[in-house]
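This report refers to the structure that appears directly beneath it.
Letters A, B, C and D name the chains as they come in the text, with residue numbers starting at 1 for each one.
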Amino acid sequence: MPLKPDIKAPEAQRERVGFALVGIGKLTAEELIPAACTSKHAYVAALVSGEADKAQGFARALGLTEQDAYTYEEFDELAGRDDVQAVYIVTPNSLHREYATRAARLGKHVLCEKPLGVNAEDAQAIVDACKEAGVLLMTAYRCQYTPEHWAARAAVQGGTLGEVRLLHSIHAQVEDDPEAWRLKRELAGGGPLPDVGIYSLNTLRFITGQEPEWVFATQHQPDGNPRFREVEASMSALLGFPGGVSATLQTSYAAFKTTSLRAMGEKGSLNMEPAFPYDGLKVQVSSEGGTHEPTFPEYDQFTLEFDHFAQCIRSGDTPWTPGEEGVQDHVIMDALYESARTGQVVRLPTQTSADAFRGTKPQLPQK
Amino acid sequence: MPLKPDIKAPEAQRERVGFALVGIGKLTAEELIPAACTSKHAYVAALVSGEADKAQGFARALGLTEQDAYTYEEFDELAGRDDVQAVYIVTPNSLHREYATRAARLGKHVLCEKPLGVNAEDAQAIVDACKEAGVLLMTAYRCQYTPEHWAARAAVQGGTLGEVRLLHSIHAQVEDDPEAWRLKRELAGGGPLPDVGIYSLNTLRFITGQEPEWVFATQHQPDGNPRFREVEASMSALLGFPGGVSATLQTSYAAFKTTSLRAMGEKGSLNMEPAFPYDGLKVQVSSEGGTHEPTFPEYDQFTLEFDHFAQCIRSGDTPWTPGEEGVQDHVIMDALYESARTGQVVRLPTQTSADAFRGTKPQLPQK
Amino acid sequence: MPLKPDIKAPEAQRERVGFALVGIGKLTAEELIPAACTSKHAYVAALVSGEADKAQGFARALGLTEQDAYTYEEFDELAGRDDVQAVYIVTPNSLHREYATRAARLGKHVLCEKPLGVNAEDAQAIVDACKEAGVLLMTAYRCQYTPEHWAARAAVQGGTLGEVRLLHSIHAQVEDDPEAWRLKRELAGGGPLPDVGIYSLNTLRFITGQEPEWVFATQHQPDGNPRFREVEASMSALLGFPGGVSATLQTSYAAFKTTSLRAMGEKGSLNMEPAFPYDGLKVQVSSEGGTHEPTFPEYDQFTLEFDHFAQCIRSGDTPWTPGEEGVQDHVIMDALYESARTGQVVRLPTQTSADAFRGTKPQLPQK
Amino acid sequence: MPLKPDIKAPEAQRERVGFALVGIGKLTAEELIPAACTSKHAYVAALVSGEADKAQGFARALGLTEQDAYTYEEFDELAGRDDVQAVYIVTPNSLHREYATRAARLGKHVLCEKPLGVNAEDAQAIVDACKEAGVLLMTAYRCQYTPEHWAARAAVQGGTLGEVRLLHSIHAQVEDDPEAWRLKRELAGGGPLPDVGIYSLNTLRFITGQEPEWVFATQHQPDGNPRFREVEASMSALLGFPGGVSATLQTSYAAFKTTSLRAMGEKGSLNMEPAFPYDGLKVQVSSEGGTHEPTFPEYDQFTLEFDHFAQCIRSGDTPWTPGEEGVQDHVIMDALYESARTGQVVRLPTQTSADAFRGTKPQLPQK
């Protein structure tokens, strides 16, 4: 008599796609390592950090050996690690290009944190390097892999809302450490826009499948505030999408944590709030009859990313959010900064197809 | 033994300030007449409508006589009605000026629906006429009289949120009758902006006590849609407030009913949603410790307006939202339309004092 | 060109059914009088109060004359008032019987506040008196007239939830005036149970259409608390409904304002919270796919009651909540008190038909 | 220049307390194994399952060897595993006693899933066996380790709510597999009560720190339903706590997923909904001024349990929820079943001290 439901073990750890995590900060320690533990198709095979002690400490904590811990200087030794098929780059933004390029040359596939680079040119160089080396490149846009954001996209594109007229998104939080690398232009490439505002931008593009045709932005960089010597504190922007659809977008490092996403059509409205945290996402679709808040299966966003990229590595498919998707956000962010600087509207290249920069659709988690 | 709490009767009906309601549409029938029933200081003494039957029908429904019902042609006969001290003008926007001016000449105080006119010049003429006649003029901005909006203002100005950096508001709804006067430029002065977007604009100004220094806007008027032959369907805008504070504002007649108001500061955020309905307003203030949703006493927004204006009439005080407050919204809306037309930022006159266009603070309802 | 939607005036005041309001407390002053103002079919024609000044004050406030104000001693003079077709009895509970009976003898129809009496016998006497006099009797159960509670009933009875297994309701609030008549057993007939707990009881019966077969209850009457010398402070109870469905019910005069109603079935659950206030009712229906919160038209609960009873008076139909409905709640409350006293289950008479004590369905407000 | 915040690696895996997981079902696979991955003080050193393949599969998935996988027959071989200091028993309830006793005899500390046994006598035998063997025993009541439930307890005991008068909790869900061991009396010891209702019971005891003095219950076991041949489908109960405080409790295997917890006092009310899931817990405290919803740090409930027990093993402290805590719930559940069977109130032994069955307070997660 089977007393338990049929529980199957996941793939054996060593049969999964082995990743080297490059850069050990809060995200790696608190999200990526736990996520890899519950991944079906990926596992952490090696760790790379500027501090040898830290890499070794996390290796031990993972049950790995000291041989699995590398310094940045030893990065190229990953070449000899056949069990490391991919790297996940989690360094400060300005170092993405170097380590992505080096990894590509070693024949390792590259999963790179957002933003892909520090500007469109920098990001394009990463795309080019991976293409030349024949390795896959994925930009780690976790909000394009959740069932909640796919439900939002379905509401927008599936007619539930009628023709969508207005879009809006906010992603703001407080960055209060004046020494944080995120506040150094050279390392980060900008302020809140490429760090958190990018979620608003990227997700508006994702749910509509469309690309903005023009942007207008204003930014604020308060005098005398040591945190904002190099980068903007806040930005508010308008984006013109095809067909007269307009979006407002707000981002800040000097405003209380807020993440919101809206799409309003003639027949209904979509409201996600919170829109971008690691869990607890909420989707509400309102129409004449009332408000519907769907339920979703449990999952881990980073596990979904690991698994999608691991499956692409096995199948050879282009990831849903390849490098090109990351470049496009930089093109738009470059335009937003230009507009904020000049006080003028900045126009962008027209795209004729939907999802112009995306690859193979990911699997969504099932209940 | 007193078995009941001490319940006091309100003022006798005939001792309250008598109003003539000018224009009988949905707002008058469903909101103003019931509100006057529960007012402490005001009552409906007369009705004016383009249709004699309608005015007489409502007079009978109110327990008034046929002598209390007037057509527009008979408007000046109100001169002889000493019991009518004030008029409440609820006509299409383009007629506000005519009836406000005629009422002022009859020595009647004027409570005028928003928007005050069809543009800044038109609205200013109303202010001038009332000043010349020595009567009081109040713009009926109901959202400057509720305890919820005053709590929002207190959160923004009282330090709870820290320094406020970003503001945002949406007021959208569907106007689906192509014949509605609200869709005729000559009658309405514009589309959703002066009708519903004005709440977003006016309330952002109210909660900050500040005036925008510049605006940028984009609007959409879809080709071939019979509803939007004369006016915009949607508008998205940026407003620059003093000190680098930026606001986004969205309004539409082609988007599902949405009313939202936000202010984000370094220590907390204010979120009102719904922000502008007649009842059911919700205020949430979030900060490090969590989210607080205060409770408020029950009241009727239109009763509060009637009572505030009636008390001003008795005391001679300037209303909290006098004509000047209504003119200022027109100045900004004129700039928004200019920006949408030219694609350029439009600058506005600088104001040096807070609440630059407001009068005597209203009493808030008590629990 | 018709610029306005077609707005029709309600019936002329004097063509509606005239009511005498008997008893002027908070409910009469703050709810019933405003509600009558917006009623389509009813109006206040006379007022009766123990204090002549108060009755006259409210008469003046309503635009009535001093002849429309009566003391209790003058109650029988209503006989001569052909324009008073009905009375609405809003006195302390123990006086319902006297004034209902006197009104019936005068040929006036009777709308009586809940609870109908002070116990089942007392309430039955009211039913008998009205029957003998040939006048209609309605128990003022406002929560059987709202679209929200009818939606709750539809969810329970219409299969949305699957077979319903568990029911639950709370209605608690603080009564902090030791002198309140509601705390005197002789006047009120009990404590929180007949005042607020009755909403939980009555609405559970309404949404299921079923009657409990047995009850078990525990009550608390704290020693030495001057407020609870005569009546219970709190009660918790179990009610057994047909088919093994069980309900828990909690009520208190010593607990923070809480109103909640739930029904749980195999396929979904219904949650109303708040469940019983005058406005702001919220209905949520959760099932596998998520949670749906329907929207409802605006209305006034007391206006709906006035209008239903006025229509019954015109048509001769039995009201949806006649006297029998009020008696049945007393039968159950008597059993609850008996159980609390004896510590034993108390059984109730079996009912074989659904809605065993109800009359003609009311019209629900339309959007 | 340190570009990253100071991120420290957790303890090396092999320095943590090693656990053998005994029983591999959904909970083990989806919650316990991932939780152990992120534990600071515990790790999975061995796995025990009735199916050798399954144990070996999970061992491989965890990066362990085949030597770390055991069948139940091989259980006593854990004796030789010095790296296994504790077992976590996750078998069907009726097997808790056997494996807890055997583990205790091997000198292994015992963390046992709730309910501790199948009735009070069975559970007491586990307590006795662990005491005799000198090993620690903890009942895995995850809801006594979260910051949300501790905040609820603080609201109840700290005066925020005033004197608490009424308590209420629901824990219901659908169990739709007629073959599930949870529906076999011999294996489970009961139906929904010991599986999910126990959370309501245990958490009401936890937040008050008090023990019920009497209970009354009714249960439903529908005829002819193959799922409910052996155990109840639903139960509703009243519990009498000291000082006249009364609680209602509802549980079901035939009602849509609902988890709710309330405490109502004179000054405020506590509402947790959802009250018992693995994440997404929500705490709302309402009082005169409004509703406050506090925010909490992120954590994993099972990690907190692993870490608390691992720390107790190192320090020798009695766990916060020792075996005695588990026995007490069985004492009460036995009484609830007796009441449901007899239709009579069942009295329970009086406890004179608060938290009568609890040990050393756990550390709460920090932001």
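Definition applied: a contact is a pair of C-beta atoms (placed from the backbone, for glycine too) under 8 Å apart; a residue touches a chain by one contact, two chains touch by 3 or more.
For reference, the UniProt names are A, B, C, D = Glucose-fructose oxidoreductase.
Keep in mind the model is a prediction, meaning the values are calculated, not measured.
Chains that touch both subunit A and subunit B: C, D. More inter-chain C-beta contacts link the pair A-D than the other of B-D and A-D. Remark: subunit C and subunit D have CA centroids separated by 43 Å (rounded to whole angstrom).
Spacing of subunit B relative to subunit D, judged by their CA centroids, is 56 angstrom. In this assembly, the C-alpha centroid of subunit A lies 37 Å from the C-alpha centroid of subunit D. Those residues of subunit D in touch with two or more other chains do not exist in this structure. Residues 288-295 of subunit D touch subunit B in their complex.
Put simply, subunit C touches subunit B in their complex at residues 1-5, 7-14, 23-26, 28-29, 34, 37-38, 43, 54, 56-58, 60-63, 92, 177, 179, 181, 187, 278-280, 298.
Taken together, the subunit D residues at the contact with subunit C in this complex read 161-163, 165-166, 168, 170, 172, 174, 216, 218, 220-222, 233-238, 240, 244-250, 252, 254-258, 262, 264-269, 286-287, 343, 345.
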